[in-house]
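The next block holds one structure in the form of structure tokens; read it before the comments.
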Amino acid sequence: MDWKPVLAAIEAATAPHIGSGKVADYIPALARVDPSKFGMAVVLGSGEMLTLGDSHEPFSIQSISKVFTLSMALRWFGESVWDRVGREPSGSAFNSIIQLENEKGIPRNPLINAGAIVITDMLVAASSADAVVNELIARLRRFSGDETIKIDEEVAESESATGSRNRALAYFMASFGNMNNSVEESLGAYFRQCAVRMSCRQLARAALFLAFDGRDPITREQMVSREYCRRINAVMMSCGHYDNSGDFAYRIGLPGKSGVGGGILAVAPGHGVIATWSPGLNAAGTSMVGAVALEELVEATGWSVFV
Amino acid sequence: MDWKPVLAAIEAATAPHIGSGKVADYIPALARVDPSKFGMAVVLGSGEMLTLGDSHEPFSIQSISKVFTLSMALRWFGESVWDRVGREPSGSAFNSIIQLENEKGIPRNPLINAGAIVITDMLVAASSADAVVNELIARLRRFSGDETIKIDEEVAESESATGSRNRALAYFMASFGNMNNSVEESLGAYFRQCAVRMSCRQLARAALFLAFDGRDPITREQMVSREYCRRINAVMMSCGHYDNSGDFAYRIGLPGKSGVGGGILAVAPGHGVIATWSPGLNAAGTSMVGAVALEELVEATGWSVFV
Amino acid sequence: MDWKPVLAAIEAATAPHIGSGKVADYIPALARVDPSKFGMAVVLGSGEMLTLGDSHEPFSIQSISKVFTLSMALRWFGESVWDRVGREPSGSAFNSIIQLENEKGIPRNPLINAGAIVITDMLVAASSADAVVNELIARLRRFSGDETIKIDEEVAESESATGSRNRALAYFMASFGNMNNSVEESLGAYFRQCAVRMSCRQLARAALFLAFDGRDPITREQMVSREYCRRINAVMMSCGHYDNSGDFAYRIGLPGKSGVGGGILAVAPGHGVIATWSPGLNAAGTSMVGAVALEELVEATGWSVFV
Amino acid sequence: MDWKPVLAAIEAATAPHIGSGKVADYIPALARVDPSKFGMAVVLGSGEMLTLGDSHEPFSIQSISKVFTLSMALRWFGESVWDRVGREPSGSAFNSIIQLENEKGIPRNPLINAGAIVITDMLVAASSADAVVNELIARLRRFSGDETIKIDEEVAESESATGSRNRALAYFMASFGNMNNSVEESLGAYFRQCAVRMSCRQLARAALFLAFDGRDPITREQMVSREYCRRINAVMMSCGHYDNSGDFAYRIGLPGKSGVGGGILAVAPGHGVIATWSPGLNAAGTSMVGAVALEELVEATGWSVFV
């Protein structure tokens, strides 16, 4: 594929939108990010990397971390993961808490906060909060080949300090018996995993295995089984963008996961992995410019899984 | 592809499940269907057709008709369809009515009853109830090349006689101004579209355009634009199986739509279209044997969109 | 009691509020009512009647009719009424439909629309729509001693023409098996009962039995048993003002029922019955001036049941 | 009134029900209470006390404490209490959390857990957790004239240890800005107030002011203003029994408050105050035998506020 016109088309399509959307402002470290930032990295199976803009600049991956902890949990526990979390889309945040009550503390899926907290709680119960976070960082470093990846401890502390809603969710699940550690211990790990800082380049590289049957095409390491790989992608397609998941599937047609730090991770099975970053969010918490970039990329490459 | 072992594997996988699940019994015409029926048809781009079991026997397509009326609506009205219906998954039936209230009479997506009623209401407002039903039948006949396709009027009447919940949904939407015709007129067309009888062979053939960019690969007729084709597939992936959509994506990984008559339509983009039929349903109204057959087919062919 | 200062205090308290609130405008016949109207009638056990303002002018009693149909139903069917309707407050309109789904088509209480429709459906099933409406009118005439009381057929027709939400509720209950007649038949009676026109004088007089153990203190006719009388009052206290019922109990402390026509009926057990009318409503559909008048009356008379 | 036949009737009515219902078992100290216990105390304005059964035996007052903290809050803060908590009934526990989300962290009323936690949080913010609990105990001792009233610290600790749902509610409200202290501090006071142990005699005596315009008729101390007294009674009537409040009003017709320890406090304005205790609860957490006793008492005395 000739990438030059593709990248040019993406630049042209995103330019009018740079700076649009609302930057997450519930913690200072996110609020002060420059809203005009935009970066993108596409990593192919060959290892070739195409980039645009601020693709080198680390940002807070936030909820994108949920994809990696889900991978770890499926590798460690297999199908029993689904005893404690569903895999159906959640609807609105409003419905999400209704469903948590209605479904006796079983969160709808592992990519909403409640579900990701349960996943982390599983991992913590099988090792420890520190071990989980260290393993996550180690994997991200190894796959991106970059030892500088680390947790932004200021962000982690701010998340914890403002984390009343996540505590409410965790105690709510605990009241139904769906937490195995103390709420504070599991949330401690959860807040830290969300505070990992990575660049688009690092992020796309680290997730490359998701486009190639669970196996990193460069290192040949099998990260998750072929079965689980396609299922992680399925969960990302169904549930990766909160109450925007259907719209993302409609417009872009790739499995993806958004984070309130402005990042989006998208997987084009058999082709490659894309990471975008731009801090302005739409109402559902998905990066506006990132979504435009992915829409244009899919248009130009035909990578939608639906054709 | 050598289809013999694939079909054999599907037969072997489904055999132990034949007869399982619960046959829809809210109307007599559905309740009296033999639960041990199982048929399957796979149509490829070349027109080649692979079949299993009762693939010739017509059944009530029910909600699978929603895919065809959505196609018609997108062709007639384009993006304005989304002014009156969303494209997000609905969650449980329970959440579905909460959301209808919360979202002021805009149903979550065109593949749940409320949304399909709105789609039919749009089509009826632009022509008439009879015209819509006639056009639907005409298209289904032309594409399947089979003039015998018709509506089961007994089923249509039974649906109407037992249709209190659909009337409730329609009047509810009408109270928010989201019905353009009289409720009875639009529901009349809706009940008839659900009562179309087709076999797996006819159904898979009629939907073949969905696997090939909106164009029927045999007749070369462009049924919907390439854009809308992939978007219909996206909506099927996100929303095609009520509160089972995430599970279907997880297990099978193909855009699909289930009907309470026991049919499932599934699209493998670039490869072909599959229709299965077996009357026993799971709790979310998806054919149990049909889902097993599709799971095995995807395993054997690697057609999941997620790898 | 010396009523002169009491009435003067009420006049002084209401004066600054005359014309405030929002007149119901979903049908023309209600929308065109003069918002500056205010009438009040207090009827004592002796038959003595104290009045203020437009106490002679008939208005659409709307939901106040629910108290009379509940009385009829308890007299005709006794405790079995509660098999088909609850007696708990409903919360918001929003919650009301959630609960209707959650509680399998059993409405929360007989003073919200869904519950009153079920009550009317019971009465209609035991006689006919016409018989129910005729009996209601006959009773209202006899007790108020006024043969001019009648249904405003224009209002009844407008209610029917704009009644999508009530139809939705009725079909919704029908889908759970909680309607015994055709929806249109029972709703026909319901729309007509809501369209009764009465003045404050007529209304307070007709409900006098509710303050005196179910027996009209003038005619000595026992309208409902002592047991049911206090229980109707209890239901009015708990549920008489939609999601404003707690506030009404807090401020006024009398069993009452509001109607969107601007009327309020309030019962002071052992003392008398009060009817007020002023068309401007608060957000929960209770007359603003009427509530102020009742608040002042309770202050001046000490008639709150809570002291 | 001749109390002998009244008490005899109550004994006869309750006898067949002794031991029925389900004893709260979420903490050991409640679970091990003898289910056959039944006590009752009626205190009149003269100070006369009528008793039945285990009226001397202290039990865990649990949610009945909410009436006393509400009284304190209204005395300390007046109407501003209602800025942070509503006064509408809550519907089911299920609806209660939906409404907490829908109404932005403002609980429906001060007699459900969420609302009582907010009330305690107000009191704690104006003094300290210890000061609030000490003041509560001091008042209860002074009014019952019994210095032995105290907190069961085992119960308080068990409540805290099993308090995940209350923590979820508190953090949920905190996420909307409706907690002024740390969640643990306010919950600490809340768990202790619920763990107060009192007998029926002490409880009825301590609440006597509620039947006499806010003034203790023996000591003449004005506990709350006349205005607030009747309003506390109104809130008890509307909201005192969770999703059973309407039924309690219907059957008994007195302002009341239930606790999961099996106690019920009921107020007969102008007559006296009644406390009952029997551990077996109905589905909504109200003592079954206690409700039967109150129903009979109201029947025999005519004390319902609705006649």
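A, B, C and D are the chain letters, set down in written order, and residue numbers restart from 1 in every chain.
In this text, contacts are C-beta pairs under 8 Å (C-beta built on N, C-alpha and C of every residue); 3 or more make two chains touch, one makes a residue touch a chain.
As the structure is a computational prediction, the values presented were derived from the model and not from experiment.
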| item | value |
| --- | --- |
| Distance between the centres, which are taken as Cα means, of chain D and chain B, whole angstrom | 55 |
| Centre distance in Å when chain B and chain C are each reduced to the mean of their C-alpha atoms | 47 |
| CA centroid of chain A to CA centroid of chain B, Å | 32 |
| Numbers and ranges of chain A residues touching at least 2 other chains | 94, 98, 102 |
| Overall pattern in which the protein chains touch one another (line/ring/star/complete/other) | ring |
| Touching pairs - complete list by chain label | A-B, A-D, B-C, C-D |
| Chain D - residues contacting chain A, complex | 94, 97-98, 101-102, 164-165, 167-172, 174-175, 183 |
| Residue ranges of chain D touching chain C (in the complex, touch as defined) | 86-92, 94-95, 98-99, 102, 108-109, 213, 226, 229-231, 233-235, 237-239, 243-247, 249-250, 253, 255, 269-270, 304-307 |
